[in-house]
Amino acid sequence: MSDQQRPTFHLPSRRTGQKIALEEAISTHVFNPAISLPPVQRTAELPYVNTSYGADVKDRLTNIEARVAAMDKAGVALTVVSLTMPGIEGIFDPAVAVETARKVNDEIHELYTTGPHASRFRAFGCVPMQDPEAAALEATRCVLELGCVGILVNGFSNIGDADTVQYLDEPQCEPFWAKMEELKVPLYLHPRIPPPGQLGPYKGYEFLGGSPWGFGVETANHAIRLMISGLFDRHPNLTVILGHCGEGIPFSLDRIDHRLRHFQSQLVPCKLRLQEYWERNFVITTAGVKSDATFFDTLRTCGEDRLLWSVDYPYEDYDELGEWFDNLELNENSRAKIGWQNARRILNL
Amino acid sequence: MSDQQRPTFHLPSRRTGQKIALEEAISTHVFNPAISLPPVQRTAELPYVNTSYGADVKDRLTNIEARVAAMDKAGVALTVVSLTMPGIEGIFDPAVAVETARKVNDEIHELYTTGPHASRFRAFGCVPMQDPEAAALEATRCVLELGCVGILVNGFSNIGDADTVQYLDEPQCEPFWAKMEELKVPLYLHPRIPPPGQLGPYKGYEFLGGSPWGFGVETANHAIRLMISGLFDRHPNLTVILGHCGEGIPFSLDRIDHRLRHFQSQLVPCKLRLQEYWERNFVITTAGVKSDATFFDTLRTCGEDRLLWSVDYPYEDYDELGEWFDNLELNENSRAKIGWQNARRILNL
Amino acid sequence: MSDQQRPTFHLPSRRTGQKIALEEAISTHVFNPAISLPPVQRTAELPYVNTSYGADVKDRLTNIEARVAAMDKAGVALTVVSLTMPGIEGIFDPAVAVETARKVNDEIHELYTTGPHASRFRAFGCVPMQDPEAAALEATRCVLELGCVGILVNGFSNIGDADTVQYLDEPQCEPFWAKMEELKVPLYLHPRIPPPGQLGPYKGYEFLGGSPWGFGVETANHAIRLMISGLFDRHPNLTVILGHCGEGIPFSLDRIDHRLRHFQSQLVPCKLRLQEYWERNFVITTAGVKSDATFFDTLRTCGEDRLLWSVDYPYEDYDELGEWFDNLELNENSRAKIGWQNARRILNL
Amino acid sequence: MSDQQRPTFHLPSRRTGQKIALEEAISTHVFNPAISLPPVQRTAELPYVNTSYGADVKDRLTNIEARVAAMDKAGVALTVVSLTMPGIEGIFDPAVAVETARKVNDEIHELYTTGPHASRFRAFGCVPMQDPEAAALEATRCVLELGCVGILVNGFSNIGDADTVQYLDEPQCEPFWAKMEELKVPLYLHPRIPPPGQLGPYKGYEFLGGSPWGFGVETANHAIRLMISGLFDRHPNLTVILGHCGEGIPFSLDRIDHRLRHFQSQLVPCKLRLQEYWERNFVITTAGVKSDATFFDTLRTCGEDRLLWSVDYPYEDYDELGEWFDNLELNENSRAKIGWQNARRILNL
């Protein structure tokens, strides 16, 4: 009997078609960092990647048909799109930021959520955090008028120049957070490349600041700042979404709490252990991850109702990460929750 | 039948007495950062902790009898001591660094490895990385004359002032690494607080730079620099030890390699994927960790021959981490390797 | 500074007081297997245990005050009680079984669920499976009149003698299952010692049949029979509860499905893979388990909405298993679901 | 840019070519259960499988060229072959068993370990356990004269008829075990279908006795008997190999020991907890398993020096299980040990 003649038995394919992805970048005509109008910290999203990969990403940031085809192939029913990094946050001039955010949200609304593929898209709005009151207003418009399912912020915001930055825990951001809690929508805290003045630890290897390592460190720092600042004591109903399986925090969280017990209490304004905010105020996506160990380690720290599959298209591939997830050794109850049910609940889809 | 009368059955205690600990700090009379002679970046090891904890740590950094008693209680047969951070690396003047390293190693030799408790101690030598040729010489003296089982370096070295720093991947460190490979002893890469100029991401929460989070990021950055620099291509037999379950790298390593495939190749000088160096050139300790999930995630990335239990005394407690490890749900074959057998093999004890 | 003077920091206790336990045995006055009236297969529940343990268990099977005190200590808010094995299933004469089940359910109702500690107890009813039609009637009475939250069956039923047994997949049980589906309450499938004629594999070590190993094998066999028989194709809304982290099935389920693809299809009447019934029709408790590895392996096969903490009192100890669970390294979202929220949902509490 | 034109990056294939497989069945001309000479309990190895699968298996049990080709494709450097179940153990007449074992071992020696593909094969010898003294002699001949790397026994042995069986813990087997300890080679305890008289629990679904579930239960029972009997107290240096990730024992071992503390001590002759024998006297293979969860659960109970990859060809597929193992998310240090290094050490290859 030849190898070709051998009887086989194919178990049914595990690919599912209901997945929802929510760390998925687009670029717009009114604001395209790659062509540097208006002025932002960096003129290209991915300064360190090789040419062919960069060209492919650039095309796919605006190619809606290619995106829908890729979603079809990978079994992705719905994508929540958002403006790619550095986003509005990278604009130096607050007034330009306010105006640009408005235009970007309108374009996304037109092209994606009311466009020819409207059934396949939802959006996270962008906001001009350089002017927190204006950000609160724009968030309100996004959610109530444009149907956005949340707001996505690309880390710190530039205020005036490349190295003057504002983190979301700073007091002036308070009106924005109050509005977010009132609107009952999550904020997705997305990475961006650290400012030039903070690339010192990478001296000689500055590309690490724009690699998943640097992104993770920068974004985890930001999330830890939010927790320690007492933000979630003032606004206990806020939800912050982190990608990339929580940016490394799950691995270190127990040790951080274990050590902070010895720190001077006036340095640590928050009232609870960080683990408690983690479990209550954060929701995690798997964007960019295809490691089983990282996935299960993250799952153990937050539970299956607060972990959501995602991709990070077009930087990552819908199909590569979709196939990994569809075949991950996991019961179908948990897979459905992580794959799409949690997103439906948390984003009110 | 009262509760006191109920029959019970006690399974035999799981506490073992053969453990070896190897991220264990001491302070010396000839160099005590707490009293600021010679001048170093910071005048206290732990600027952010509360008073009673700080006083306790300060006492135990030099109290040999208390240490031995704590080892006895926790079932620790042997401790490998090393000079506490910032260590020699924090000295601004290279000539002072050279002289101080020599004095410190002599004092450790006298008080610990040939002292009244000599059977309970081994030492990692310290070296003046500010002068790499001198560091190579001192490493040789440590290993061949003083019986040191390896060298411990507290991260970057100051060169002249607080913010001018040198990482171990810089070209001038090459003679030191060549000697380390020749001596066939490991280098323990220990954390220290980032330089003042690199605390920007922690603005308002500078203590994070001296918390386990900041330590982990700083030390992981340093280890990733070593891998990317090509150091382990030039010296494939080097062994670098990282504490704290690998400083977060196990959680993110798969993703880093997954992404670096898209980076411009001239930016990434190393020849192999980082995972390959991780598995071949790194050895990990559990110092400071008492999370099962972190432990098992780390174990999965390196295997049970390259993971070693440790404590981080006196910052951590021998008994608290010893009890956690002794009772960790793990077969005794693996426990013995991680608890002491690996240390015996890797340190030639 | 003496060891007693050292500063310490106690993290808040992790003990919770809301837990619900649901594989918890009692004995009754109207039917007490220990004193052999009416005649059952075995005259003692635990023929192989040592004397002091056996006496303790015997006392606690009926000592309600001791049980409530143990619940208080362990943080158990509510216990679902059920008649201890072999239960009604061990009665040889079907008519006696019918009558005894009724008396037992009435006594449980009087002493537990409407007694002085009524707020702390719910009950699983017992049924005379020797007469499936009567079992359906008694199940109805239990649920609709006595407020039982489900039915518990101790494995196979004796029909006439010690070695003639009936499994729940046999055709005559169909009316009972139809009623269970209609009543929308779960059936807890509890272990019992295999019949004498099936102790052959344990020859010389017959006690293994009454050990957790023998119990697990017997009960897993029974559950696999239910799946293969097609029961859950006919009654897709049934819920069967298994204790002891699923009686070993989670470890082997993937391999069973992997191999059954090669079996003659007429031998395997069920329509789906066993994994699909496992995920849809089974709910698992941790009764008797205090192994982290077993817990997490089970969790991975069913998801956190279908795993429930339990004890197996008085054979096991509320506090020993409660302390294990309260301190298990797990996020509090999952712990609350597994500890009590799932029980509230599944049992309509 | 079309989908075909998109730049891709292929990480190097993870397939390795050094694997060793050791639960790999063959049939011989002098003893072929499929054609029932000499008389054995069952006339076919796999009475319940579908026709095309059965025919394929039957061919491949003797087709050496097909086996070598399959090994090549799957990256298997070496296979340790053994006579398929029920093997010599299924022969009713002890004298025939003695004679047949000798002939089978000679044929395996001629066709496999000194044949044209001798560099690709080693063998486990078979022995006539129906006559333990003769089994000790044949084991000696296998190891010292034929170069066998161990002995494989298919569970219980028939003594005279189908239902009279002998387990390996029975006193008359003592001379065989003493010889095994002296020869310093492992015994592979392989499953077989339980005797007809023990299929009662499967009544109506007898095929379960010949499914992975029934095999696992039967073989785990046997292994537990060995532990409890005190065999490993008398012969502490014995090594017993179990396939299928330990036949379910890893999942339940903690609970068995936890409960046996309450059993009458005279019933349990062994001196240690079962976990201690498990860690010292057992070696586990993954034969037949391709579940990550089962793999890691098993690994945690025995450590990476006592777990060995295997297949169970021709019942399983070299390539299917090889691909699973080669791509299992695991560091390469552990993979090499489990894939081939442990086999080399334990079998003295």
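Every chain is named by a letter (A, B, C and D) in the order it is written, and numbering of its residues begins at 1.
To be clear about the criterion, a contact is a pair of C-beta atoms (placed from the backbone, for glycine too) under 8 Å apart; a residue touches a chain by one contact, two chains touch by 3 or more.
This structure is a prediction, so every number in the text was calculated from the model and none was measured.
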Once you count every C-beta pair in contact for both, which comes out on top, A-C or A-D? A-C
Among the chains, which one keeps its Cα centre farthest from the Cα centre of subunit C? B
Between subunit D and subunit C, is it the same set of residue numbers doing the touching on each side, over half shared, or a different set? same
If you average the Cα atoms of subunit C and of subunit D to get two centres, how far apart are those centres in Å? 34
As a quick test, compute the distance in whole Å between the mean CA positions of subunit A and subunit C. 44
Averaged-CA centre spacing for the pair subunit D and subunit A, given as whole angstrom: 49
For subunit C, which residues are shared contacts with two or more other chains? 9, 50, 53, 254, 258, 262, 291, 293, 300-301, 329
Contacting residues of subunit C [partner subunit B, same complex]: 1, 3, 6-7, 9, 50, 52-53, 55-56, 59, 66, 69, 291-293, 329
State the interface residues of subunit A toward subunit C in the complex, per the touch definition above. 9, 11, 254, 257-258, 261-262, 273, 275-276, 278-279, 296, 300-306, 329-334, 337
Spell out the part of subunit B that touches subunit A in their complex, as residue ranges. 48-50, 53, 167, 169-170, 194-195, 197-198, 200-205, 207-208, 211-213, 216-218, 220-221, 224-225, 228-229, 244-245, 248, 250-252, 254-256, 258-260, 262-265, 267-268, 288-291, 293-294, 297, 300-301
